[in-house]
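The same subunit A turns up in both complexes below, where it pairs with subunit B and then with subunit C.
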Partner chain A sequence: METVITGESYSLDWNPETRTAALKGILRLNGLEEYAPIARFLLDAVPHGSMTLDLRGLEFLNSSGIATLSKFVIEIRNRKTVDLTVLGSKAVAWQGKSLVNLGKLMPALRMEFV
Partner chain B sequence: MAKARTPLGITAKQGLVTMVVVLVLGLAGSMMELYYDWHATRTQLATQVSQTLDTISGSAVEAAYQLSPDLSVRVVDGLLGHDIVAAVRLYDNFGDLLAEGRRPGDGAGSRLAQMLFGDMAEFKRTLVRDRGGANDGATVGELKVSLSVGAMTRGFYDRALVNAALGLLRSLAISALVVAVFYVMITRPLVRLAQLVGRIDPTRPGALLLPPLPGHETDELGQLAGSLNAMLVAAQQGMDQRDRAQAENVRLGTELEVSRRIQQMVLPTLGELAEIKGLDLAAYMEAATEVGGDYYDILKGENGRVRIGIGDVTGHGLESGVVMLMTQSAVRTLVTCDERDAVRLLDVLNRTIYHNTQRMGCDKNLTLALLDYRPEDSDAAAGHLRISGQHESVIVVRVGGDVELVDTIDLGLPLGLVDDIGSFVAETSIPLHAGDTVVLYTDGITEAADRDHNLYGLERLCETVRRHADQPATAIKDAVIADVKRHAGDQPLYDDLTLIVMKQN
Partner chain C sequence: MTEFIGTFETPDDVGSEGQGPFREGLELAFSPSSVPLKQRWRNNGLSADFLADYVTTFLPRDQNDPTSLDRHSEIRGAVNYIANELLENAMKYSEEDLAHPTTIRLALRADSILFTAANSTGTERGQAFHDFVRELTDGDPAEIYVRQLERAAETGGSGLGLVTMINDYGATLAWRFENLAEGGMRVTTQVRLEI
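After this line comes the complex of A and B, so read on.
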């Protein structure tokens, strides 16, 4: 497990063995531009095969962040080479609603709420 | 206005100071020389007189012993033959004058001469006759010699004059030499440096750097020029940076102001809201410090119909404001065309926004809910609210305090994300009865954070609305906004706040 990107109140960890990217903390970046480094890493992390996006530790994500995740899921859907699983937490308010959209955008997406 | 006095140049100052110092030192040196010369002159004079008296004393003793007037006169004349002797008196051992002589016209000399040599003007020699070589003979008389102070000082004065003249010349020469050497070695390059520095434009210090000073590339002057250049370059960089930051700040400030105005200028007016009879309406919007892209609109239709839109464009600033403006126009256009099919309406809106944001290359998208209110045909105090599009949950507080949440997650997708959302759009309908309250909001309200990042939250919003549900729409709106502000405390407004309260009359 290595920390790839870290900010004032958030971090993005990557575990190459399990191919799991974990976003943690509070993400309140301004606009898609500020989310670009995170988006780029997620898109480049796995060219094909399985990948897990672990959001259980992400307490808050603003609308630009949700848009970033949506775009990431659309891109993965269009590539058709990555088998994506998203881990969410029922305890975190924003996820219940917003993660549903990811499923809508990519019907093949596996969603696991813990 | 009096002309300003030209300030003294560094060379003139240095010349003056050098001259004064060298003159003072030269004067002191000359005084010392004069003193030693004076001393030497006195010793020499004393020796000279003593020797003269020695040579003549034999004859004088003889003259006094023999009381010979002839010899006495010869002795006196012999002594007067010396320049410095002014007067001679020869006495016998009884004190009687044997002979006397005086050089004519030889005065006592000036006061200065008296001071310098006056004390040694008189010489006295007791005349003693030798007997068989032993010096124990009897006194035979006395010789008194007055020296000419004028003659004594003449040579001294001449030498002093030459000394002073030479000293002055030496001082001038040394001064000139020192000034010349200084001028060539230091003053001239320094003056040149000063001229070059004087040419620097303080508003653009880095535009003209100092050229290397010939012959001083590596010494302290060269280093001074080098350091000055480094400072100039640093100052210019600092100014450039400041200018750029200022320009960027002005640009951002202007952009935010434009965004704020775009957002505010298309909002429905209080007058429009007051015209709507079947519903009691109140709305609030406050832009965040960095203006977000909140959107809401309330449009009065035919036969008591009211169309309401509320949405939130991602991000902040001008682009979000423009997308908000586009959304407002597109919604209004479609409503004016009386498009009633929610699926079609949202699909067309989405395509419009999607293709426009693609064209703008700005990646913006927005949540948008559209609400269509129509009063009951049979009962004006009741109505139906159709809701479509994905946005925050709609809060309904029934008369009596029951709170219902209408989840909109399955009623659509964010607009502008994908080019076709038709298959995700749905519509739901809720009946409204007199006194029922409906609250619409953006996430700026529910996600308003306090110092410890505790969000205001949907639950607290519902509770605040429920507590004030029996009051008019405006009072409910005010209560919610006050409570949100209380929660956020001194924290900045991260996102726009938008709130719409409607009550079935």
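After this line comes the complex of A and C, so read on.
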């Protein structure tokens, strides 16, 4: 597990063995531009095969962050080469409300709430 | 000229369902030109955290009742998200040349929380937002939501905050658009969250 991006209140960790990207903390960046480094890493992480996006430790995400994740899911859907699993937590308020909507963008997406 | 879209309330109203007057409330005000946007951005999150903590003080909480603790955390999360989105929008679209503060007011009622956020903006930007609001109130929220998510790449996710409030948090939104004498518009967004 290595930390690939860190900010004042968040981090993005990558585990190459399990092909898991974990976003943690509080993400309130301003617009898609500020989310670009995170988006770029996620898109380049796995060209083919399985990938897990672990959001269980992401306590807060603003709508620009939701837009970033939506964009990522749409790109993965269109690419058709990556088998994506998203891990969420029932204990985190925004995830129960908004995370489920990612599944509407990509029916093949596997969503697991723990 | 002043135009209202949706059921816009004033703090003294007893509410559309007659739930009684507001019991508690507070207002935060910011000057759009005081510090650069990048510095002010951090303030959105701090203010949203503060408003969420403030609201939960008034909610009953029973340490032995898991349902009450879940509800507490759900309302805290909803207030934090909504306040942060309203502040981000108000900061992003405020016109620095217009000497009006950006404000957010929070009012608590027995069974609802009313957020009222106001900022001043240029006429063109105000009109574009007005058109988006019309589209939002005339259409099906679920359909608009998926469309906004699909369009996030082109629009930068703009407008998604308001759509998530309606679709994911079950909030009711209303707006007030006022043309200012010195040019530009005062845009007020109101969000009612049932608790």
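By definition in this document, the second predicted complex is superposed on the first by the 114 of 114 C-alpha atoms of A that agree within 3 Å, B and C clash if a C-alpha of one lies under 4 Å from a C-alpha of the other, contacts with A are read in each partner's own complex, and residues count from 1 in each chain.
The rule is short, and it goes like this: a contact is a pair of C-beta atoms (placed from the backbone, for glycine too) under 8 Å apart; a residue touches a chain by one contact, two chains touch by 3 or more.
Just so it is clear, the structure is predicted and the values come from calculations on it, not from any experiment.
Engineer: Assess the superposed three-chain arrangement around subunit A: do subunit B and subunit C clash, or do they fit?
Structural biologist: Taken together on subunit A, subunit C would clash with subunit B, as the superposition shows.
Engineer: Using the touch definition from the top, say if A:79 reaches subunit B (first), subunit C (second), both or neither.
Structural biologist: neither
Engineer: Between subunit B (first) and subunit C (second), which does A:32 come into contact with in this model arrangement: first, second, both, or neither?
Structural biologist: A:32 sits against subunit B and subunit C alike.
Engineer: Who wins on subunit A residues touched, subunit B or subunit C?
Structural biologist: C
Engineer: Just to be sure I read the superposition right, which of the two partners does A:40 touch: subunit B = first, subunit C = second, or both, or neither?
Structural biologist: After superposing on A, A:40 lies clear of both subunit B and subunit C.
Engineer: In the superposed arrangement, which partner chain does A:110 touch: subunit B (first), subunit C (second), both, or neither?
Structural biologist: In the superposition, A:110 touches no partner, neither subunit B nor subunit C.
Engineer: With the two complexes superposed on chain A, say which partner A:48 touches: subunit B (first), subunit C (second), both, or neither.
Structural biologist: The answer is neither, since A:48 touches no partner chain.
Engineer: Should A:63 be classified as contacting the first partner (subunit B), the second (subunit C), both, or neither?
Structural biologist: both
Engineer: Residue overlap on subunit A between the subunit B contact set and the subunit C contact set?
Structural biologist: 9, 26, 28, 30-32, 60, 62-64, 66-67, 70-71, 74, 93, 97, 101, 104-105
Engineer: Taking the complex as given, what residues does subunit B use to touch subunit A?
Structural biologist: Its residues touching subunit A are 290, 312, 314-317, 320, 363-365, 367, 390, 407, 409-410, 413-414, 417-418, 424, 443, 447, 453, 455, 457-458, 494-495.
Engineer: Can you list the subunit A residues touching subunit B in their complex?
Structural biologist: 9, 26, 28, 30-32, 60, 62-64, 66-67, 70-71, 74, 93, 97, 100-101, 104-105
Engineer: Give the list of subunit A residues in touch with subunit C in this complex.
Structural biologist: 9, 26, 28, 30-33, 60, 62-64, 66-68, 70-71, 74, 91-94, 96-98, 101, 104-105
Engineer: So in the complex, the part of subunit C that touches subunit A is made up of which residues?
Structural biologist: Contact set of subunit C toward subunit A: 37-38, 41, 44-45, 73-74, 76-78, 80-81, 84-85, 88, 92, 145-146, 149-150, 152-153, 156-157, 160-161, 164, 167-169.
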